[in-house]
């Protein structure tokens, strides 16, 4: 007879978590038509006029990193859009590593979103307008999983490819710290 | 004691049932029958046999999978050196040695010889834990991780499969051993010791092919 | 008339975009495509035909046996007597050899064995025949299964001769075709009932399938192995045409995409290259070179879009681009919301890719 | 050690037993009262009843899922159920029917019936039996809770990799599926060992191997098949879950794994599974037909031999599920031959039944009707099976609705119709009351008609190219009418099932009282009251024939000298069932239940973290040890009865 309420509450919480973790959300068309395509930057370093976040109000979908399907879609797009070309499986290469604790522009979903949409100096192209918001958020969720910032039961497991870095769902959480400009020469 | 033992062995030889009663006047009186029996006379024996049949199938299939995967890759082991022989071989030797006290425990049980069972069961228990320790060292010497490639995966699966058997039967032996010191005892417990010994034989015998596959599959 | 059509198309585009922007979950139903022949018993090639013959034999024998057994049951019911609920069992059979039943069982089993052997032999013979189809001067095509569409790569003497298309397999009538089957993600299965049996496309493996179409026509195929959300709409068309027309088609497909002529199309090309399309699609002769989705170099030459799901008309094209999830929930193509005029231009450009 | 004789406890002396002996036996073998007692129950009839009811519950659940599918497919381009939910529904339907209904319900029936048919007081390992039930129940509940939480598996009931692998099935859906396999297979393996041991050691004296009822033979063969088939799928699903959880590479072609390996392992289990659903069905047939033909079965030995032959052949044809995967020609021919030859033993049995009916005098009761459905439905399914066994034909109809039709004709015709016959046949024994014949006939005819209206059109749909597992189809494909018809048939089946439930419901209250042997059947279970007492037989009969209740001298006498105030059982020799020992059996205990709970925590935990295998095994070990540890009171009782060999 010891208060059953907390137990029930916990179970319910787990249940709902389970529900959302497994939800397969298929992209619905965005509310607002995207900006004029012609004015968009080409996929080039420091390309012209990336959209300003906020100028195009996009709904914050950072909660997607609690959704296994979205994170997995992010993983697929990370491969499809050749993010791995520079960042490899998170270990980095031409691009900065994404599996360590170092986040020059912040590790929060919105910051990563901005990095993808606006691009960053030293080679990160702006994908604004080329990758639909929904997909950007999926990639954001996946990128966070690369440094173990996503729950283990949500992060993807190994993929059907040559095993490079350890699978995302086995990575230790890297305590994110604002990167020092000093160590930017990577 | 010994007289009964003789009787046991005698009946086992002749295959007949000790003083099998017959129907007289529509009544078959069974009160004089023994209340437990060894080997195929006891349900435990059949239970253990079933268990061993199932697990033999699992081992067989696991080994089939091993060679299936081997035929599918031109390099074997795929990208890692074969496991080191030292601990595995040592463990195999210890396991084979452990068959002897195991056999003595079995024989003592058939003789319903309590002190004998206590002695040899304790020896088996100690050996069981020793073997588990060696198994721990073996796992450190496999030279491959389960997530390296398919070779590592199947090697680890087979090893853990057998380790599970070691753990369960060692635990089983320990519990029986304790019971023989604390009681309460009854005739059936000797049958349990007997079955436990048979099962240990199985655990050791199932290891021999496994050992060959794990350690010489990548070398052959 | 053409103008009229275009006007109606634009109206529809506007409607679609409006609906999409309003985030309308409900769909205005799918416009059906006109499917090619799609029936294992309506055969149009030697492979399917041989299977058809075996089918007739097997069905004949099986039906005969089936009827015989049913007759046996009915007879048993009819001739054996009825008993009262409390009637004592008839034990006369114990220890007695029941000759009649014994012989009839023996005979029935014997006959079944013989018939089974006939079927085994017939089956094996047919299997050999299927394997032995003559392959001289065959057309080689690489087929890759993707979730949820088919990539088709035609080889050539020179590397430059090879080209890629999707979801519409053109083959010459009367010439054998050899397909090299691969899968990009999960297991799919290539099946054109009217032409040949199916064959699985399995990741990490390569399978080959060969068949021949003896009659010109369109034959529908569909993925037969469950492959995820859109397994139901992973269809394709096999278009068997006379050799000359086939050669003409090949020649056309080898060309890069036509440069847009009118202003609308040119604008559409800009939209294409500046929006999400370019991330996955390829159009030979432009900077679009991604190969994650169907090659659109000659999109306008195809009769369907979205793996045989929609007819290739500007109206459907626009609705598809605006909201693919409406037609194929779970498909990997994202919704691309464009201003009405951009969408109009984009569709015009795609329609110009003959 | 050998304290036999001292203070000799009360034994069953007089045959037939005196009233107080009977009362004592009832006290001894009854399950304890109260909720704890309910959880501690180990009597095979109680566990068997729960098992049957649970399995039937899953049957209904699976049926509702099927109804949802038929609703979705009733019209083209239907948007009622989206692909995500539909994939979960058909996966749940297949999984439920195969793993949670078909195999378990057969074992459930045998848990209840076999001890009664072989003249025993209990199954071989009553506590294990209870544990097996709880494991099965928890595994099934886990799957449905997961489904309710949108974690329902969605990769099909045979979960082909890589679709079911880590890369293409994110989240935990498939892990729950794989773990459900672990639960049900564990339960099935336990029950198999229990059944084999029971049939070989606990038979009434005089019931030699060639006097065992054919149903018991069927279950014995099935149990042996389980022992050798189930390990394959356990190994496969373990590899799947480790692939998904700890990144092993069994099925990853890029790292030396192989997608076809899964198919080999799965079908090496999967095809025998069809037969371990089908063989008990044959057993039901062989139990019902002689009773209502009022004569012993024709060709007993031929029947037994063909059961065994079927079991062996069943392991030699798994590859006919994989003809489309590009295998070497010769191999395929071999599997074609075997797949067709397995029809022969089935044919032998069918002809023997025909001979029995032919030469018998028939009593038309509902159970017999259901056996006639077998002749129509199963035989048709067998014919389409021969089509599927032929490589070229299979390449056309494989993975289409033709296969869906075939497997339902085989499984429902070969197992479910006989099973319902068995329900009507043994319901009086289990409950003491008869089911209504009138409702029974309605139940039968609606089921038969509805079944054929549902599944026969699917043959045509398959030939017209409709693949299985599509969540909808285009109106342009011309599949609409046949699909609508099939959905109509499904409705009819649903109604007939409703009638059955009503029939059971009413008969439990006001069905006619059955008495020990309402059908004047010949086997032992009908010699004891309905429902049977806790000890099954107050005095264990000594058997002298195959149909003891029919043959003169079928019951040569009764066993005396077994304890009445302690759970004592007679062991007999394997071949000739000569009295051998009297073993003391364990009493009810809560530990199997606790152990099952611990095991459940262990299994579900290991879906989320491999460490659960470490910390989860501790409570399991504790529970099992406590379960094994002898209780003083029981021990003294046993010592009082003890007599060393």
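For reference, chains read A, B, C and D in written order, and residue numbers begin at 1 within each chain.
As a working rule, a residue touches a chain if its C-beta (ideal position, glycine included) is under 8 Å from a C-beta of that chain, and two chains touch if they have at least 3 such contacts.
What you see is a predicted model, and the numbers here were worked out from it, not measured in a lab.
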Report summary line: Taking mean C-alpha coords per chain and comparing to the overall C-alpha mean, nearest is chain D
**Report entry** Leading chain pair when contacts are tallied as C-beta pairs
**Finding:** C-D
Query raised in the report: Which integer distance in Å separates the CA centroid of subunit A from that of subunit B?
Result: 52
Query raised in the report: If you average the Cα atoms of subunit A and of subunit D to get two centres, how far apart are those centres in Å?
Result: 48
**Report entry** Chain centre separation (subunit B, subunit C; CA means) in Å
**Finding:** 54
Requested in this report: Please work out the Cα centroid separation of subunit A and subunit C, and write it as a whole number of Å.
Outcome: 36
Report task. Pull out every residue in subunit A that's touching 2 or more other chains. Result -> 24, 158, 160, 163, 166-167
Requested in this report: Please list all residues of subunit C that touch 2 or more other chains.
Outcome: 203, 229, 329-330
Report summary line: subunit B touches at least 2 other chains through residues 147-149
Query raised in the report: What is the complete set of touching chain pairs?
Result: A-B, A-C, A-D, B-D, C-D
Query raised in the report: Considering the complex alone, what residue numbers of subunit C touch subunit D?
Result: 27, 29-30, 32-35, 38-41, 48, 50-51, 54-55, 58-59, 62-63, 65-66, 69-70, 72-73, 75-77, 79-91, 93-94, 98, 100-102, 104-105, 108-109, 112-113, 116, 119-120, 122-124, 126-128, 130-131, 185-187, 189, 191, 193, 196-200, 202-205, 207-208, 220, 222-233, 309, 329-330
Report summary line: Residue set of subunit D touching subunit A in the complex reads 84, 146, 149-151, 162, 165-168, 170-173, 243-247, 249, 251-255, 608-609
Query - In the complex with subunit B, residue positions of subunit A that touch it - result: 158, 163, 166-167
**Report entry** Residues of subunit A touching subunit D in the complex
**Finding:** 15, 18-19, 21-24, 68-69, 71-72, 152-154, 156-163, 166-167, 170
Report task. State the interface residues of subunit B toward subunit D in the complex, per the touch definition above. Result -> 1, 4, 7-8, 11, 17-18, 20-21, 23, 25-38, 40-43, 46-47, 50-51, 53-55, 57-58, 61-62, 65, 68-69, 72-73, 78, 112, 114, 146-154, 156-157, 171, 175, 179, 184-189
